[in-house]
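Both complexes shown next keep subunit A, but they swap its partner, so subunit B is in the first and subunit C is in the second.
The block that comes next holds the complex of A and B.
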């Protein structure tokens, strides 16, 4: 399901010290914008925040899946952060979030992108995957777990 | 003395068997009431029991009493929020709906059996109402959790349409006996008197009883009795004044169940038991009363009438009465099918017997047969149909133990207990200190029969018993911590409500922008709450769905009649894989 370009080690943060939802989204936005000169981290952050206003993207059980559309991106981009301590994410179950996968899709998003989002949500609904993501000690470990499915 | 002892022995044994039968039937999915009826028939004249019971007067007395108690309990346990959702559709069904059902069935019966049209209508009126005992017991058993609108409509209908059927039956009998004067005027007058008095005395009396019970100082065991005696007194007063006692006691129950009340837990629990006893007793007795050998000659006629009732009259009445509310077709179909007949028609069939009609015994036998068919076919297929039509919602709570705390004059609090399984989320997801809802308190942890000294830091292990004090509205959150998600079930939250949770006040424009949905007509400023309401003239309930391009919105929570949480369900190419 994952295209090889969706996520790379460079866009994964492991054991990061993050204290708030805002900081978490900013960090994800920075990771997403890192290798792409045409993308502004601030714009990405704005878009992610706009989506959060519709309702928290926390999936429950401490994992969040923020996502947005952006016209400057040409292909789907993902970033992942594992935090050392859970942050209050306003999730439906009230659990603090310590795992977050951000997804950025092109403006001309289609059904396929929605399906990718659904696939990620169903992947993170598995308790086994969540605990392996929590046990992972490096960006490489995290990437391996994410790609294992 | 010997006889007394034998009667006690037989009575107790029959009751015991009936109670135990409920364990077996809930596994088979068979309607429990049918089982009681059959046990009664087996004990009766034509069965091995051989008990001859023909006392119509006594049967009428006990039947009415049992029905009143069942309605009282039904009112007590109906929460006000169900009332808000189901009242208007149910009222239409309970009045006009009963009239239409009775009319179609009655005219068919008159034509087929060659009766006069008034006599035919009498038969129609007798089978016109759905049965509260049957509906309450079937909808609340078998672990079925229906969409609130469907469940509430059916329950309130069944609680409030008995008075209408009783009224039609009495009026038609009077018309048949006197057969003079202006029929229309008689009916209208009687209708206003029955319903008006019933509603007035029921509601006023209910408030009066709450006031009285809250001022009494007596031993706890007496409160439920005071409530029961009060309810039955209201039934009696109303009926003596020619009002509808059944309507009065149902409404009184509703008022009492929804007002702050001391000893409410005791009162509700007592009436739950009494209502069950009434159900068992009533159906056993009605089974005893009938002579199954007399049913066979009318079987053909009764089957036809039942078919017209179930397949034509009821669906037509439901369709017409629900027209203004735009129920989704699945819900209409279900409400149309679940027109369960039960004890009420059988008790009403005693009226012509008491009035001394010639054809009364034929009426009784036909009606008894119709009820048997209805219980058998509709009762047995109800759970299956709810599943097929996707009217089930995920169960809100899976608690092990729940004790309502009766703190006088305080907010509602409950003591809830969980036994932690190996795969409970709090054990498998121990990444952070568990996050309890703000006003839930952990009060005890029992491990290996020992009460743990300290709860902090919390170190839960499989097999522990955890006890918390919490507001009942936080139970779903607690469940998410302590109860494992059911594996690969069609009613898991993910499968039912979708991946994300949106706020009810989120704007449609923002949503469409994020997911690339193009809608030519809808205003971007519309909130999701308003969008969901728009397609529906009824109150929104959990499980209502709206398709939006390729995504689906599912109502997830409704507070004070406003949609607060909406699930977002993304399209899937394949079935979502489950863990």
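The block that comes next holds the complex of A and C.
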């Protein structure tokens, strides 16, 4: 389902010690900007924060899907973090978040991006997937689960 | 939200108290360990003793995890230094600094991201002064608050016998003043909120909150309260930060007398306030008040930094015949004791200046917040984003909104294109059932019970699919 470029092991963080929503978004921004020639982690962090301020992307069940548009990206970019402890994310169900998939899309967002978001939301709505992601012990394991569906 | 507050003085501790009650995670930093201990005994928060300008102290306060920094120490320099440090070392998303000196504010280029990284600056003394100026201008009102860069006002007024609308149902307002559009957002009767409908009859003694375009607030006041004699003579007790700001701002339009107890301060004020009469003396001295014709004063304002002095001076001025008396009272218990009849208006300084900070704590794109009725109610200005599918309100008629009882939309401010409101092109639309909300509208809501704010935030936020 995922295009091969969407996410890679390099943009996955496993068992990270993160204590706040702010640090979680900062970490995702760093992963997204890593190895990318044109984008800066700080800009990505700001855009994720701005979007988050308009409404939390916490889905419930400990999952968050932070996302933003950025004019310097030409194709959708994803990053994933599994934290060792859940962080307060102001999610719909009030549960702390320990699994977060961040998406960066080009400025001209289209139907494709909405479908990707919907696909991710439905993937994470499966209790089996969530527990496999929580059990995963390495970035490689996490990538395998993410691509398994 | 994780919030770090620098400074446990009057501003810092009242902010901490208010934000703690809203389930935020608060850390307070101050040099004074004893003050912090007292705060911690009273409130569920973390404290750090140390110099708030030092990176190590800020790290200990957990700035690396903070969503918001509120730097409100007594020192402008400490506040500025902390904001810059918070940005460079800890990437704190939002930084607010208290700046008392106008010097820095006159150089916005110092405050931006290349300078001290202050996202918002507040000066509580100026906020309070502006609030008082409104009350001098509209003596009939209990409160006059602004939204949308001043395009819309929220006014609180006590309905009195003889006001043309009093005794009439709310729906008659349009007939009474056909060319004026206003919306009665809430009515408090014997301190209980009632949700007004078109049939609700206004009674004498009702505390009425209404929204109107700034140019229209006078006519509506006349309908509810009748017209008082305009303010001409003002006496200010206390020539401190607020008193001197207020005298400076009003001395050209009113006859202003300032009473200051400190001789040196009184002399300095006398030299700088050219249009005011500055008196060296004690505002609780009845001989002085009588000698200065207290009975001719349209308004007496007790603005010293001491609650007891303000109360005593205010009560004395009232009994000696000042027409209207207003006092700053920090301690809530005192304000409660003095309800209604003794002093005309008791103002809690913390209460007035908290709105600017609450706007940064509220979820969603909130442009302004005013805390009302000592924190029990709130009025908010939300900017709405998205479309029919990503927003629950955009594209809907106001009548079709699913707002909880106790929450009402009072007005919408709509910019003509993508311009900001300040461009002069924005239109004020007073709420009615068929008004349809558009993207980027500024929606102004009255929330009668603070507990409903969370629900309102959720309702106006964008959905997950918003990019």
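The working rule: the second predicted complex is superposed on the first by the 149 of 149 C-alpha atoms of A that agree within 3 Å, B and C clash if a C-alpha of one lies under 4 Å from a C-alpha of the other, contacts with A are read in each partner's own complex, and residues count from 1 in each chain.
Everything that follows uses one rule, which is that a residue touches a chain if its C-beta (ideal position, glycine included) is under 8 Å from a C-beta of that chain, and two chains touch if they have at least 3 such contacts.
Only a predicted model underlies this, so the values are computations on that prediction, with no experimental measurement involved.
Judged by the touch definition given at the top, the superposed model places A:114 against both subunit B and subunit C.
In the superposition on chain A, contact of A:122 is made with subunit B only, not with subunit C. Legend: residue contacts after superposition of the two complexes on their common chain; A:70 is shown touching neither subunit B nor subunit C. In the superposition on chain A, A:45 contacts subunit C only, with no contact to subunit B. In the superposed model, B is the one of subunit B and subunit C that contacts more residues of subunit A.
Of the two partner chains placed by superposition, A:6 touches none, neither subunit B nor subunit C. Of the two partner chains, subunit C is the only one touched by A:19; subunit B is not. In the superposed model, A:55 lies in contact with both subunit B and subunit C.
The intersection of subunit A residues touching subunit B with those touching subunit C, taken from the two complexes, comprises 51, 53-57, 59, 65, 67-69, 109, 113-114, 117-118, 121. Interface residues of subunit C, counted against subunit A in their complex, comprise 1-2, 25, 64-67, 91-93, 363-365, 385, 461-467.
Across the complex, subunit A is touched by residues 423, 425, 428-429, 431-432, 435, 437, 477, 480-481, 494, 499-503, 506-507, 510-511, 513-516, 550-551, 565-566, 568, 570-573, 576-577, 579 of subunit B. Remark: subunit A residues 50-51, 53-62, 65, 67-69, 85-86, 92-96, 98, 107-111, 113-115, 117-118, 121-122, 125-128, 130-131, 134 touch subunit B in the complex. Across the complex, subunit A meets subunit C through its residues 19-23, 26, 42, 45-46, 49, 51, 53-57, 59, 65, 67-69, 88, 90, 105, 109, 113-114, 117-118, 121.
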